[in-house]
């Protein structure tokens, strides 16, 4: 696929820079999540209830923790994928950017969820953004496998993230959308289930 | 141009650090765009219209998506340019900083556009900032070609971004400014046209 | 532990990327602290007291300075740790992410402390977040030592940060929590004492 | 100064990571400046004066541009310094962190200046922060020269930034503080003069 040593050096360079750029985006997105935690604004007379107000924000902390873990996992999978890639093509570049676009939306979806933890609209927003990211990650990995971008020796391990069974995760997020209209709690439990799915297979 | 191996190592080092710094700026700017998406602040009695209010912000999402794609494209072109450079001179440094200055303004211009999508002033602001970035990118590439900073073998491919025909893109943004006074919609269609311009030539 | 040259290259690559990602998170968290410094919003008639209002925010500046120094020290210790690691295992990855999660919460805890410097709830929040980060750093270092992840020659120097005596620092933060209910000032003096602890031993 | 190859590798590694961390901080600080540009919040009836309100913010744009150029110059000098260093010592580490602390305050000082461009308190704040950064940069460079951290061949060029004459720049910022009480305009002209100082000597 590559024409000689020059091509390989170029491929390595392109991979390095796309990896570094993606790492930057992941690191910024995971750190920006903290901006969703608001400091209560209390007058002097109200300050006695600072502890109460801080504790009262527990849905914000929960949304922050969920989103932190989700972005961290996305980064780990992305890290492994790019470690196993021999080269990039234009489609993989586009898929990677589309995936990053969904990742940077997570702080927004997380803020909506933290503010309105039991509103259907908030749960659907979160499922759309995170589920969308999950699907785009799958598309990126699937294309990398189909397009021969993965090093031969690393194909079996990579396949676990890019085969049909791996579609289970975006499917659970998709399923959580209609479920949210019945029960936002059950919908959120489906998200947690996605963690278990991955764990069992590896 | 360079005096021996030491010079080449220095040139390589300078390129690497300017590239890393620029990558950081691009990654931060593209991620900060998400801060333009506001979470509606609703009292308990108003929360039933969360879905409505979230959907009502569609111009914000559109401005976000447009700016994400624009910064991503800027990064790709910048990546290719710096991959093909053999060295930097002071002018290229200044041009690169001027270009980055325009890039970091995009989240601001994007927020203005998202808030007031059909105000002439917002459309002109966006055209000035993004069009300005396009022009400064052209100046950087043009100077890199004229100043012999591009590796001989890579000059033909680089020329597509730095010749007169490549001025079409900043020209379309410039044109969109007077057009915005007649129709903000047509002005925005001119921006989308800039994507097609590049695609046809390559 | 590693199977040949390929394993070592992979270990080096994984270390490099986790290091780069962690560095990014530290750099962003330390820079985001500045967003806690509010610019007073004054009407034209009130502007004569800008100096007064700026000086009046001294608890914010103090919280900023304390948090800046704390994150800087965390980074230095993290830097030394990763320089001495030969490889990573999954537990170390998880411990590193948990540690980073506590680090990115520092800007939030710092804002709470700056706004309400003598409220027990604010002092406890800060002690929980920063003390938690201190404990998670210790766990990471302790595991790296116990799991044989540190290069043989570097074990003695690393032990200073991962042995029982090094638990003094999280212990002081834990102690500051009950103390805060008696005196927030004494609690904060315990934090400053943690700086001296480290210094004496090295 | 260094004991063999291992020491040199360690020195190189430490330099690389401190450089990368500092670069991250510079890149984030220069990009965060954009958050100081506020989008006017106008009701439907007021939107006709969007252009007017955007133009009315010209002191914000000016403060942004000044701070962008100042951080960019800081980065360039920092880049050259670290390219010429052979190793770091603990003092240089501390000086570098103190310098970065001043750099990350620039977005705050810049916002104060943009909001209250002709208030003495705002001009003094800016002079303290940016002048402080200038002084700390000088201390870092001066120490690097005195402590033998700079490669022999690079000492002459580095001295221009770390000798007594280079103190002219922090001196001008210091001078601008009393001057601001007489005229904020003249004080700001002194800042611009610092750009000329550097240019003439090189």
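Residue numbering begins at 1 within each chain, and the chains themselves are lettered A, B, C and D in the order written.
Here is the rule we use: a residue touches a chain if its C-beta (ideal position, glycine included) is under 8 Å from a C-beta of that chain, and two chains touch if they have at least 3 such contacts.
If you're wondering where the values come from, they're calculated on a predicted model, not measured in any experiment.
Where chain B touches chain D, under half of the residue numbers in use are shared by the two copies, so each contributes mostly different positions. Between chain A and chain C the CA-based rotation angle works out to 90°, given as a multiple of 5. Work out the mean CA point of chain B and of chain D, and you get 25 Å between them. Per-chain CA centroids place chain A at a distance of 35 Å from chain D.
Residue positions of chain A with contacts to 2 or more other chains are 20, 24, 28, 32, 35. Viewed as a contact network, the protein chains form a single closed ring in which every chain touches exactly two others. Every pair of chains meeting the contact definition is listed here: A-B, A-C, B-D, C-D. Remark: chain D residues 10, 13-14, 17-18, 20-21, 24-25, 28-29, 32, 35, 93, 97, 100-101, 104-105, 107-108, 111-112, 115-116, 119-122, 124-125 touch chain C in the complex.
On chain C, the positions that touch chain D within their shared complex are 19-20, 23-24, 26-28, 30-35, 37, 39, 42, 47, 50-51, 54, 65, 68, 72, 75-76, 79, 83.
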